[in-house]
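Going in written order, the chains are labelled A, B, C and D, and every chain counts its residues from 1.
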Amino acid sequence: MTKTRLEAFSDGMFAIILTVLVLELQVPHLENNSFAAFSAGLIQIAPKFFAFLFSFFIIAIFWINHHAILHHIQKVDTKLLWLNIGLLFFSCLFPFITAFVGDYILNPFVVALYPLNMALASVTINALWKYAYVDTDLAPNNLTAEEKQARMKRDRMALVMNLASVALAFV
Amino acid sequence: MTKTRLEAFSDGMFAIILTVLVLELQVPHLENNSFAAFSAGLIQIAPKFFAFLFSFFIIAIFWINHHAILHHIQKVDTKLLWLNIGLLFFSCLFPFITAFVGDYILNPFVVALYPLNMALASVTINALWKYAYVDTDLAPNNLTAEEKQARMKRDRMALVMNLASVALAFV
Amino acid sequence: MTKTRLEAFSDGMFAIILTVLVLELQVPHLENNSFAAFSAGLIQIAPKFFAFLFSFFIIAIFWINHHAILHHIQKVDTKLLWLNIGLLFFSCLFPFITAFVGDYILNPFVVALYPLNMALASVTINALWKYAYVDTDLAPNNLTAEEKQARMKRDRMALVMNLASVALAFV
Amino acid sequence: MTKTRLEAFSDGMFAIILTVLVLELQVPHLENNSFAAFSAGLIQIAPKFFAFLFSFFIIAIFWINHHAILHHIQKVDTKLLWLNIGLLFFSCLFPFITAFVGDYILNPFVVALYPLNMALASVTINALWKYAYVDTDLAPNNLTAEEKQARMKRDRMALVMNLASVALAFV
């Protein structure tokens, strides 16, 4: 398994996940051809549309981070491969969870699934970074021990805030 | 982020968007095995089919333009990356809007969404070109200041005509 | 537009079209957990399944032919690009037509759409070959005039048989 | 047909198959915004979710094996090409069979389709390995005759266990 292959495969999946998101947008039923019916239709799909918009940019950010992390990786081993598959697994869940939240935007338990899945994807991508940059020499780099500690601390902080927003869903 | 990666990712998304378009074509219900029932079925899906045909070629043109623009780009920075993601976002909306127009071809407000989305995609791809070819040296080129002005003027004209066709939807 | 790019884009679309085919296979409704209900379910989806199986191999053959043709192509011009997009357009229609035939296997007009679409896709891929190998020097080759004539004759024969099978649908 | 092309095409299909799996996960209907309704919804989709989770990792493993096998392959001939298309065909069926099992988890005949399809995919990938590594010199390697025999024996054992689990579905 070369890095190029892993990147191409991950790129393919991120591209498909982004496109599949829009499949969840259903054409609304319009009563007639008036502007009132059109507006009502747009309002009806508004929660789904904003869930789509939000997820599109969240997944784009994961994709950008994924690339930044893989940039310095020289070798791929089995554990890195499975961490990557784990990240793709949680990324794959976004279209389903986005549709779920779009349908039940007022149910706090459903809404909480979203930051929960983001947290799981973040834990995986952070573990992937730590494995390649800190635990092994898969990604040769010039980062000092302090810089590595700082990044891991920042990742933990982001995770805490993410999990805090799970709680926010219930407010 | 290298240019090759960005191109491959964008190619992947354009390929998926083109294929997803056809998923909106639903098999019509036919009353019986007669030619009359078959014709009625074809007439029923005709608006969707022509919306699909039209979108297929519109997105193909965006894809060709995207390649022409990226051809001279040597470096990718964060702003270019996000302009590209913006273009992919509006491109992603085409299958949904195509299906919406196919269902409500007589509703002018729905029909107007189509040129509106095209205008948004055009603004984004023009901004991407201007950023790489005029504002920065990401795409080294031999274009004179006049040629650059001429292209930007042409892009603005195309945009005005595009927005004018939004008005046309109401005639 | 380089050949590599065109190939990658076409490969992407063929891969998606093959996978999208299976999305048309709907899980049948089973009355209970008996073998009789299971058999009835399988019989119910059998036409769709065989339409899927058939289309999978037809599209695979188009993909293999596409590669064989592109193998010697050195340059890509605008006309070749649009012939290729035309081929991808008809290829994109296969999942829809496969589902249509799977639903109305007894309607000869619906069934005739299948060889009709194959004929249109064949005309396009043959035109692409002729344009690159005979009309222009986009694909430098050692074929003699006789060999080129023989291939074009063979392509025409295949097309006639294809169109004859449109008539067969009505027998 | 070069190996690179075949790999890219197969990677594309595996990536799409993994993502298409999640499309089978339907948003459940929730009665109200209570935790009880949310739990009931999760329980309702639990069989589909675990079928999705299981299939995701099964297909990931096929993808990893596919890469390991193609790693030493130097040339691609027509038979190898069709063995590969056969493998992609059975891989394509996983999303459909996963949805079928998710809907009828209590029907042993439906459940038995899953290991049956796994067995067919395994037979194909093993035949692909044997063809490239043993029968021909498409994949030059240093494996001794004993090592090749050992692998083929292991593959047969795995297949027997796989088919045994078809029987297990009826227990």
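Here is the rule we use: a contact is a pair of C-beta atoms (placed from the backbone, for glycine too) under 8 Å apart; a residue touches a chain by one contact, two chains touch by 3 or more.
No experiment lies behind these values; they were computed from the predicted model shown.
Student: For chain A and chain B, which third chains touch each of them?
Tutor: Looking at chain B and chain A together, no chain touches each of them.
Student: Quick one: how many steps at least from chain A to chain D, stepping chain to touching chain?
Tutor: Between chain A and chain D, the shortest chain-hopping route counts 1.
Student: Given a C-alpha superposition of chain C onto chain D, how large is the rotation in degrees, taken in steps of 5?
Tutor: 90
Student: Compute the centre of every chain as the mean of its C-alpha atoms, then state which one is farthest from the centre of chain A.
Tutor: Centroid comparison gives C as the farthest chain from chain A.
Student: Same or different for chain B and chain C, where same means more than half of the interface numbers show up on both copies?
Tutor: Under half shared, hence different.
Student: Centroid of chain B to centroid of chain C, CA atoms only: how many Å?
Tutor: So the centre of chain B lies 25 Å away from the centre of chain C.
Student: Using mean CA coordinates as chain centres, what's the gap between chain B and chain D in Å?
Tutor: 35
Student: Scan chain A for residues touching two or more other chains and write them down.
Tutor: 8, 12, 16, 23
Student: So which chains actually touch one another? I want all the pairs, not just one.
Tutor: The complete list of chain pairs in contact reads A-B, A-D, B-C, C-D.
Student: For the complex, give me every residue of chain A touching chain B.
Tutor: Against chain B, chain A makes touches at 7-8, 11-12, 14-16, 18-19, 21-23, 25, 27, 30, 33, 35, 37-38, 53, 56-57, 60, 63-64, 67-68, 71.
Student: Can you name the residues of chain C that touch chain B in the complex?
Tutor: Of all residues in chain C, those touching chain B are 1, 5, 8-9, 12-13, 16-17, 20, 23, 81, 85, 88-89, 92-93, 95-96, 99-100, 103-104, 106-110.
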